[in-house]
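Across the two complexes that follow, subunit A remains constant while its partner is subunit B and subsequently subunit C.
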Partner chain A sequence: MRSEGANGLALVSPAALYAILLLAVPLCVIFAFSFWTQDYLTIDRTWTLKNYTEAFTEPLYGELLRRSILISGSVTLVTVVLAFPIAYFVSFYVAPERKSLWIFLITIPFWTSYLIRVFLWKVILGFNGVINTSLQGLGIIDEPLTFILYNANAVVITLAHAFAPFAILPIFVALEKIDRSLIEASLDLGENRVTTFLRVTLPLAMPGVVAAVLIVFIPTIGDYVTPRLVGGPDGLMIANMIQTQFLKLNNAPMGATLAIIAMASVTVIALAFVGLNRRFLRGPK
Partner chain B sequence: MTQPIIDLRDVQKFYGDYHALRGITATIGQGEFFSLLGPSGCGKTTLLRTIAGFEDLSSGTVLIGGQDMARVPANQRPTNMVFQSYAIFPHLSVAQNVGFGLRRAGLDKATLAARVEEALEMVGLSGYGKRSAHALSGGQRQRVALARALILKPKVLLLDEPLSALDKKLREQMQVELIRLQRLVGITFILVTHDQEEALVMSDRIAVMFDGQIAQLDDPETLYRRPKTHRVADFIGMMNFLPARILSEDGERATLEISGLGRTEFDLGTCPTATAGPDGTAVGLRPETLTLLFDGQTATGRQVIGTVEEVVYYGDMTYYDIRLPDGDQVVRVSMRNLFGRPVLEIGAPARLSWDPGALVLFR
Partner chain C sequence: MKGIWLRVYAVLYLVFLYAPIILLPLFAFNDSTIIAFPLTGFTTNWFVELTKIEAMHAAVLNSLFIAITTAVFATLLGICAARANNRYRFPGQRGIMGMVMLPLVLPEIIVAVSLLVVLLQLGFSLGSWSVILGHVLICTPFSIAILNSAFQNLDRSLEEAAIDLGETPFSSFRLITLPLVMPGIISSMLISFTISLDEFIIAFFLTGNEPTLPVYLWAQLRFPQKLPVVLALGTLLVALSIILLTCAEFFRRRGVARAGKSDTGGFL
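So, the complex of A and B:
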């Protein structure tokens, strides 16, 4: 008879194998690449920090990383701020038997491909797009608005839409978990609806808000499809540069270095939020 | 009753087609320990919530301290509530929970801390202020909920089944504690409970509710001794119901034929009478008014010989189910287990003594 430990190992091995092959190995390869250099057509495998020195001295990379953080920060802010009222409405004002229907409806726009939705935003935001022609037709504007396509704003709008349900769902779950008698207790103790929201509902929904922030922020910072399609030159992000390094400039080591730096930045910001979440989950000491 | 503090006038509540409160009229006195007692779904919690301001009335009036509460929201009513779930804010410490309602009073830190500590001391939790709400046991959460409500010095404290989540021993301890607290602060307590024993122990007066109506409003002793209906008698305590026939009746006196106990004279003037249940005329006998006679004892009232059908031993008490001589009726008798007294066995003959003066007549 096999020991309990061997049984456990046998149980986790498929998952562990999968995780090692598809997550850990590629990550290690990228990490190794970042310390190598491209020597025209071959990779020079001598260990060096040259890529990192270049990444930190060349202003373009820093600018792209800053812009990426700014754009995905804005996306996160817009998404979470817009998602909260929707989640709040579904949780507090929709009859319990209709809640799952509402959640289902919220996900409907996301049955179409991500790419198609990005293209649709081009149609909506474009020079002769839905918004401009409507506003011109109504006589509100004379010239088409140009600040809504091929710049950072367009990236923010498109990504905020794409990630809305990912923000709505965790906030909704956090709001659902709040015992309604807590809200009544706050009213009973003299607070009105607004102060009750600030003192009870919002603090208790914070774990959901933090989860939403992470779920939106982490993937958007690495997005390169949306900035490529609607971002124009001013809307390009760090992931576009990584892609360019790998596929156009044939400089995989530099691309790997930028990827590692972007990943490290995300990790630092995400950890800060996880720390914040811990504080809310644990409550006061 | 003392000065009235709450006046309920024909309070009605509909949820769609469902008539939850069917015209509740009652007056609750200043400093009274008042209980709303009834089975689940009888409307007792709904009534408490209308007093607290969490439910709108469909019609009728709620007056608190003489003031109509129709347009007064929950946060401006002079009532505070202890919720069934206690509703302790999980993200706040014990002290922050207790001081929650004092934020609007604009006290400085030292005064606030002193008030909170005072309230915690009152419920026996002094020094617990810094603890997290997670770290509390059920009984402690209940005390925090009490302190949090009482710190605001409400005119009326509303308690929604506050003891139902506690185990038996803690529940009995908290019953005594609540009575002590109520005497200490001297304000009106309104307790919602489905536990008739709890209501009897704690209350000055009890409103027994069935189907959105008050069936009887009386002090515990009257409620127990002189129930007004078969349903109230059945709900409060244990009662043996025996079908009966009135053979003759002239003014004060009546002759009854009681199934299993035989014919008896009955004094209509002194004996409590109540409305009969669906099974028609019957008499009710509490288990403690029946006595089993052991060797050498003689009956103080009437006597019948039955058989022991079931024995339930409770330590201090033993309950016997006795089948009466006619074979159809079984009555439950409670006997204190005095030292040296044997416990009868199933199937043994039992001499049962009963007192016609302890009957309640349902007709």
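So, the complex of A and C:
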């Protein structure tokens, strides 16, 4: 009989090989591409840093990257801050047998067509949209609000909606794991509800918060549907440029370079964030 | 009463989450080509219109084919990986599982462009099959996440008892393990199907000349006069997604109940 290790490897190999062939290898190819250049219809395979020099000196790329990081950061902040009370509510105030119903309710909108949802935000936020017509109908405003569509605000609102379950679920899982007797102990020992929350509950929930931040921040940087539909000219992000380079300008190497730079920036920020929260992530002694 | 503010907030948050889905049918049945309030009247014209667009039917069939194939392959890979992860300890386990789960956090555009570049460099022409390749890659982590919990809930001693009673490892897997994780398998297939049916970014890059439904929708969003029809289609899609998800949730709960565990959370 084969050893346990060999059995395990044999069983995991289809998924692993698939991921190597269709994920790891393509990622390496993209990395290589970023050092090559486009020579009209062919790829010039001489290794050069030309794309990187261009990416760092051309102000447009730098501006797009800065804006993308800023928008992704705002989306993450808004999403996680809005999500925490919901996770807290479901974990601490909802009866145990109804928790999975709440989680189900929260996840349903996430599974419906992404394009349609983004498009409907355009309808909600638009000049003649739901918000403007209802506020005008109620006599609260006289002129339609214009700061809510075709700019970065609209992108933040729409993405905060799209990524809500991604933020709620990890925080909920972390809160569920908290031993409730620790909270009782803290209250018995003279802390009030606020200080108990700040000194016991929140630190114990931090692994979930960190996971939520990462799982929202990293994918949002690569979104190009939302910026394209609701962002207007000032809400476009780096992914829109990557798409343009690949499909419109037919300059795959430049697109690859921008993709690598975007990924590298996100990774550095994510690692720095994890590092800052190191002390919360250690397991119980 | 404590918690009342949290409860109010939770309800408002659900309104925020459901706002687009509630508006969708309102405009789909509205008798005007302009998507704005006030609503002008009730009509089912947009749904009738849907049945007349040939290009859309092709896109629907294409998407269904891609979604079904993706669901089957992603779940097969998911079963192997989740079983290996739960049943065995093997060298490099964390690294290998990490790599397989990576598409869960990787921006889709990165997956899309890297696959695009490799396929074009190898001289393949794009089509439904290249979209399937990409979709299997992003659906497998979801499948593993669902099946992981299904396998975790499994009582190892049941399988051991079957082997003690003379079954082979394979027949005990088929007779004991498989029926117990079957709800997880069905739920994984439904989730993969739903993800693939909705996925736009990878499909947009890899679809070639045969658009999937989301790619077709994306093209239609540019024409204002076609928007009501798009919303009618969206209404049908959302209804289908909700039905499929309710089924998936039903099977997931049955799986939890079958394994004799109490239910604590959702899919992810």
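The rule is simple: the second predicted complex is superposed on the first by the 268 of 285 C-alpha atoms of A that agree within 3 Å, B and C clash if a C-alpha of one lies under 4 Å from a C-alpha of the other, contacts with A are read in each partner's own complex, and residues count from 1 in each chain.
Here is the rule we go by: a residue touches a chain if its C-beta (ideal position, glycine included) is under 8 Å from a C-beta of that chain, and two chains touch if they have at least 3 such contacts.
Note that the structure is a prediction, hence the values are computed from the model and not measured.
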Touching A:Tyr40 in the superposition: subunit B (first), subunit C (second), both, neither?
neither
Of the two partner chains, subunit B (first) and subunit C (second), which one does A:Asp179 touch, if any: first, second, both, or neither?
first
Does subunit C touch more residues of subunit A than subunit B does, or is it the other way round?
C
Going by the contact rule set out at the top, does A:Leu214 touch subunit B (first), subunit C (second), both, or neither?
second
Of the two partner chains, subunit B (first) and subunit C (second), which one does A:Ile30 touch, if any: first, second, both, or neither?
second
Determine, under the contact definition given at the top, whether A:Pro203 touches first (subunit B), second (subunit C), both, or neither.
first
Shared subunit A footprint, subunit B vs subunit C, residue numbers none
Enumerate the contact residues on subunit A facing subunit B in the complex.
179, 181-182, 184-192, 199-200, 203-204, 280, 282-285
Touching subunit C in the complex, subunit A uses residues 4-9, 11-16, 18-20, 22-27, 29-30, 33, 82, 85-86, 88-90, 92-93, 96-97, 99-100, 103-109, 111-117, 119-121, 123-124, 126, 128-130, 133-134, 161, 164-165, 169, 172-173, 176, 214-215, 218-225, 229, 239, 242-243, 246-247, 252, 255-256, 259, 262-263
Subunit A-facing residues of subunit C, complex:
3, 6-7, 9-10, 13-14, 16-21, 23-24, 27, 34-38, 76-78, 80-81, 83-85, 87-91, 93, 96-97, 99-100, 102-111, 113-118, 121, 133-134, 136-137, 140, 144, 191, 194-195, 198, 200-201, 205, 214, 217-218, 221, 230-231, 234, 237-238, 241-242, 245, 249, 253, 262-268
Residues of subunit B touching subunit A in the complex:
52-54, 73-76, 79-81, 83-85, 87, 89-93, 96, 100-101, 103-104, 130, 132-134, 148-149, 152
